[in-house]
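Per-chain residue numbering starts at 1, and chain names A, B, C, D, E and F are given in the order in which the chains are listed.
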Amino acid sequence: MTPIEKARILMEALPYIKRYHGSTVVVKYGGAAMEDPALAEGFANDIVLMRYVGMNPVVVHGGGPQVSEEVARRGGTPVFVGGYRVTTAGDLEVARMVLGGVINKDIVSLINRHGTLAAGLSGEDGNLLLVRRKEHPDGDLGFVGEIERVNPAILTDLLRDFIPVVASLGVDANGQTYNVNADEVAAALAGALGADKLVYLTNVEGIQDAAGRLLTQIGAEKVSELKANGVISSGMLPKIESALEAIKSGVPKVTVLDGRTEHALLLEIFTDQGVGTMVTA
Amino acid sequence: MTPIEKARILMEALPYIKRYHGSTVVVKYGGAAMEDPALAEGFANDIVLMRYVGMNPVVVHGGGPQVSEEVARRGGTPVFVGGYRVTTAGDLEVARMVLGGVINKDIVSLINRHGTLAAGLSGEDGNLLLVRRKEHPDGDLGFVGEIERVNPAILTDLLRDFIPVVASLGVDANGQTYNVNADEVAAALAGALGADKLVYLTNVEGIQDAAGRLLTQIGAEKVSELKANGVISSGMLPKIESALEAIKSGVPKVTVLDGRTEHALLLEIFTDQGVGTMVTA
Amino acid sequence: MTPIEKARILMEALPYIKRYHGSTVVVKYGGAAMEDPALAEGFANDIVLMRYVGMNPVVVHGGGPQVSEEVARRGGTPVFVGGYRVTTAGDLEVARMVLGGVINKDIVSLINRHGTLAAGLSGEDGNLLLVRRKEHPDGDLGFVGEIERVNPAILTDLLRDFIPVVASLGVDANGQTYNVNADEVAAALAGALGADKLVYLTNVEGIQDAAGRLLTQIGAEKVSELKANGVISSGMLPKIESALEAIKSGVPKVTVLDGRTEHALLLEIFTDQGVGTMVTA
Amino acid sequence: MTPIEKARILMEALPYIKRYHGSTVVVKYGGAAMEDPALAEGFANDIVLMRYVGMNPVVVHGGGPQVSEEVARRGGTPVFVGGYRVTTAGDLEVARMVLGGVINKDIVSLINRHGTLAAGLSGEDGNLLLVRRKEHPDGDLGFVGEIERVNPAILTDLLRDFIPVVASLGVDANGQTYNVNADEVAAALAGALGADKLVYLTNVEGIQDAAGRLLTQIGAEKVSELKANGVISSGMLPKIESALEAIKSGVPKVTVLDGRTEHALLLEIFTDQGVGTMVTA
Amino acid sequence: MTPIEKARILMEALPYIKRYHGSTVVVKYGGAAMEDPALAEGFANDIVLMRYVGMNPVVVHGGGPQVSEEVARRGGTPVFVGGYRVTTAGDLEVARMVLGGVINKDIVSLINRHGTLAAGLSGEDGNLLLVRRKEHPDGDLGFVGEIERVNPAILTDLLRDFIPVVASLGVDANGQTYNVNADEVAAALAGALGADKLVYLTNVEGIQDAAGRLLTQIGAEKVSELKANGVISSGMLPKIESALEAIKSGVPKVTVLDGRTEHALLLEIFTDQGVGTMVTA
Amino acid sequence: MTPIEKARILMEALPYIKRYHGSTVVVKYGGAAMEDPALAEGFANDIVLMRYVGMNPVVVHGGGPQVSEEVARRGGTPVFVGGYRVTTAGDLEVARMVLGGVINKDIVSLINRHGTLAAGLSGEDGNLLLVRRKEHPDGDLGFVGEIERVNPAILTDLLRDFIPVVASLGVDANGQTYNVNADEVAAALAGALGADKLVYLTNVEGIQDAAGRLLTQIGAEKVSELKANGVISSGMLPKIESALEAIKSGVPKVTVLDGRTEHALLLEIFTDQGVGTMVTA
């Protein structure tokens, strides 16, 4: 490709750069984009580019598979109820170790290869995520938290100079830590920060209808219909429901993206060629 | 081209975006890039992109051909001495009209198609360029000014919110306006602002040696040699000499670019494929 | 006069200095005060004094006679419809040259004899004056703009350190420049800046009634009556109508002054001896 | 006088307003200017005008005659040694009452007739004047303080919004108050604030030579000569000596003025017709 | 006592330090706490500790006994009407001297033994207390002021770096000074500053009921009842009535304390063992 | 104990509160103070009190015993060389989990029982601790880092609103994490922040001489002597050597405290009764 052709492509990004300048974008990071080293590196690049062209990206992550792996290694068996990991005291310990100690800092380091850019924290820091024990109709979830309030002070302090990377753990009024669903964390932070955009990186093409066809857009009504028909998977459910919550709390644009696609985030932000499903009110 | 290929090209720009983030770049605008509507539009795009990815571009322009045209229309004949326009009182009036009243605002409007971004001024505003009458060994130049001091306050005030576009006129201590060579203005502003980069857009490929070969780099010594041999054209001389001045006053990188190339500025900033001559100490 | 007498006179100004401290005053500059060198110098002095005693003066100017002169020199004939100059593409070019390139910077230089105080701009800079083509019942006005919106950011940026001097040109959404009536510009800026006072410097004693007697005050009703009787001249009409507009948009005090009087502005601001007509709601 | 003549006189002040804009001027207030109600009102007007045209006046006062009067009323007899009041514990009490409680607030009220402008304090507030007991070769002075250090924080806090009025009392490291010579206070504050000007208002025309002729200027050498000849009065001595101290600590202009002249301060600041003696190095 | 026991006691203060962090506390200082040197020193210590642990104390004082003493010394006889000192012109002079000149600065010095902490002012400074002549049904009070408006600018300027100490004097629109009841001053300042707490230091245990029993709490209704029964003393009346005013203007907590108790203020702020009466709505 | 006695004890703390107001204190937390729940709670209280009375505490922690326990549980055997844990890739993973994921957040939660006060991070965040692989004469240490540079930006950002709690991990230029000795981290941060005090909480009474007597003070020379005699334990060595480093980089006061004593920190800060050894140059 000639330099001129390259310049023209760069120029194509200009309208998108203008549109998102100064905006806050919360990205739920997970799935293949986190596990595949090449995709992970591409993700870090995308986030850094977003920061450099004037956006304020906030990264939220969980780490289900890694937690399950460590639980298994300790002889435990992961149990899920309604898409939520039933979290014993021992599982919680593992979750804190894996999410806060390892995955969080690995993401920070990946981004910081580009400079002093990222800082990791969990919902326990600065009481960022105040939670209470989550009740579930299908059984006791153990140490799974439901978000009651977000204290965004620590995020806004860090956003001046850093890209915050947030592990999906919360704390209750007594200082007890809880495991929190990362999709719910992303939605709550997007709402509390008044984010302009919320993006979920997933391991699927997007949301599909009963016939398995990709939906480029989905609203609350259609969600109800698909849920009633049992079409939405238990892994996708927290994403869609928290997405609808985020929209209610004022986030103008929420998208479920295929994180298996190289530079999915970049394509979503800088082109009109989205690669997933847009969730609307 | 597939979206992924586009994303990859965008990603190639990241190292350059990082390198120039927060930097001030003075661009001497002129020649074909100013006269050819498509090139002019490309130039405006390039400047806007630079601003959006975190640079502080400052545009400096003259407008020799347009001034000559208007002088001719009024029955005058442009006269040049040592590359400088001999400027009668009437010519000065024409220069102020054409540079400050028309060209300056045309550039502002071209950039402002992208939003409220540019603001035009001349070296007369806020006493930006304090000059005295220039002495020249080859004859009286009339109202041609030599820069004595830069008062950058008005530029720094505007740079917070705007891209400044500066017409190459100056003022002396008595309030008398003078025509100033735009290359010299660009170099003086780059020095006074502590700019990270100074770029001259020209109508040639770059600086050539006696054999007509493009030089990708040239230093003070080589300049002396080429001058002695009469190889450097009178139009190129102020560029090279002011470039050497800018380097002396601390500007770390000065380049003479071929403005006839589409997106020359973009290529120079965002790729390693420069399309001109780098001037060094 | 003895020093003590001088001191007493200075002291007489104190109540006015207190009253206007920190206030923004928009001055429409034109007529004899602009053409007579002694009056012009006096005007610059007045503006500088206003700035030094704590006011924020903003100067707005047109330049009808100078534009007409240049149009005539190019073989054109100025045509006016309803007090507006019918502006061909060529006339617009002349207006930009004369207003933005020469008159604007001459005013700046006149003020800057007192220090680095003034900075010139036109309504094209920073999209200060967004206009559309003006419709007129009596015929096509050509490139005459009607103000739709004021973007005062560039003025407020400059007001921190400078006295802004604004040429009466505007720009539409496509970047096309238009000639704008300077009285309307002054009124629109006064409204947008929340100015405390708007002053028009004219070539008449003030507004006169049908019998030719100077009115020291005039309201909307009386204006209608005089208009109906054809007593108000076409040159005075834009002043009075824009004055009424300014009052509607909240400017508390609007005055039409005789600019042929030496230091008319100073007398208006610093004494109770006004030399013109106050316009009221 | 016609309005135009008044305007011209106002305009004559412009160069002085420009020169002193933003400058700090310490004024030692006392003598007839303090005792004569008309002069006192004129003094307040002068100070207010100075503030409104952009200066930062600081007023320092003593109140010897009023203190003597109260001491006498209590049956005491004022005693002076080398121009300093010998201050018993009872005299100190009187000085604090009269200076801090009455005179200070009277000056504040006089100025505040023009608005919320002045705030009074003594050298005891915020440890503004840290002093030690003054030693004198001619005898024990009692509670007379010699300034050791100025803590200007309280003055700079107040100068943002107020005209500080300072009573000439100081405090030592143990919290003991002392009477301090007001001329010395004025000089010390001028030095500590980096003032541009220090003015003493006195009851004499200025400093005179042995033949009783007014000196328009006097330097250190001439002071020594006059002192040796016993020509300088004991009341003038602290003024001249502290004036020389102020000059040493960098105050560029120090003047001894005849406070019996109406608007002496205004004439000194806003005209070239000074009415006293300029002290130089 | 062992170090550990001391540490534990320090730790007991933590909840109170947390509760009052950043809060503004107005303290009406007077009575034994002002007259007994040991109590006065303890008071200064308490105020300094409050400032260091993050509160903003404001001290208000009168000085009735000292004023009476000086009035008597001058041959006058203090007269009181309804708890207010009938203030002749001579008495006012004495009040200004004693309150503003001596007591105010004594308190400042006492606090400043701990560093550069306090700054004194009276309600005359910066027009802090704008008053009018107080009308009283039981007779003419002379120069006794009723507070009309508080201009808190000077207090907020000083609070950044200092503990303000305010003498209970006010000024009317003509610059005439008035004596003001210090309890009323404290209440008015607490209201104007949005204080979190108002404390009166008195010479009694607190407010007592008809049987002479200490009330730990009292409301408006009970006040009316006690007043009707003539149980409340004339000295306590201004305290209680201004306390009720302060509560109406939003001060959440008002307490009448026994200033004869060592460290009464400290006990009130840092423990639950109050030593007086809390006034409620 | 009576309230008055309590008040007196509180007052005894005032000189210490004054002395340390606004100062930064780095506390190396560990040993019994971390493992004993009552001591841990007391530690949190001490830190919170320090913050509330105006200090900026920074907590640094390791967690050797907890890491060893987890390593053992995974079947590994902790190996130490020269006081440093030989850290295999697996051990490093454990250290990151235990230090960053669990201990760090436990400390944060303990402090946050008092409010939203603490925020945890590791040396990996914001590239706080840039390290390289540590060389040791006695053998390969594996992933043990030696601090090369501190980037304090993230700490200074957090210190505005939070108490930072730092886990002793660092990162090299390639993004590889390393285990770092927590004593060295505390000393490096104290130096980089210009801390006023550095405190090590240990499990011993302090530093002892060859005869086992507690030294209340020790200097570099004495350290050399004790080292030569083999008197200093391998666990104490990094403390003493990093303490000497901190002193060299300008930390004025460094103390080794007995963390087994209740409120050891409080006693050290707020009384003269230190409970350990002060290290001097």
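The criterion applied here is as follows: contacts are C-beta pairs under 8 Å (C-beta built on N, C-alpha and C of every residue); 3 or more make two chains touch, one makes a residue touch a chain.
This is a predicted model, so every value here is computed, not measured.
Considering every other chain in turn, the ones in contact with both subunit B and subunit D prove to be C.
In terms of C-beta pairs in contact, D-E outnumbers the other of A-B and D-E. Separation between the centroids of subunit C and subunit F, computed from CA atoms only, is 69 Å.
Between subunit A and subunit E the centroid-to-centroid distance comes to 57 Å (mean Cα coordinates, whole Å). Computed centre separation for the pair subunit C/subunit D is 46 angstrom, with centres defined by C-alpha atoms.
Shown for subunit C are the residues in touch with two or more other chains, of which there are none. Because contacts link each chain to exactly two others and close back on themselves, their graph is best described as a ring. Listed in rising order, the residues of subunit F touching subunit A in the complex are 93, 96-102, 104-105, 108-110, 112-113, 116, 118-122, 124-127, 151, 153-154, 157-158, 160-162, 169, 171, 174-177. Per the touch definition, subunit C reaches subunit D in the complex via residues 1, 3-4, 6-14, 17-18, 21, 42, 45-46, 48-49, 52-54, 114-115, 261-263, 266-267, 270-271, 273, 275.
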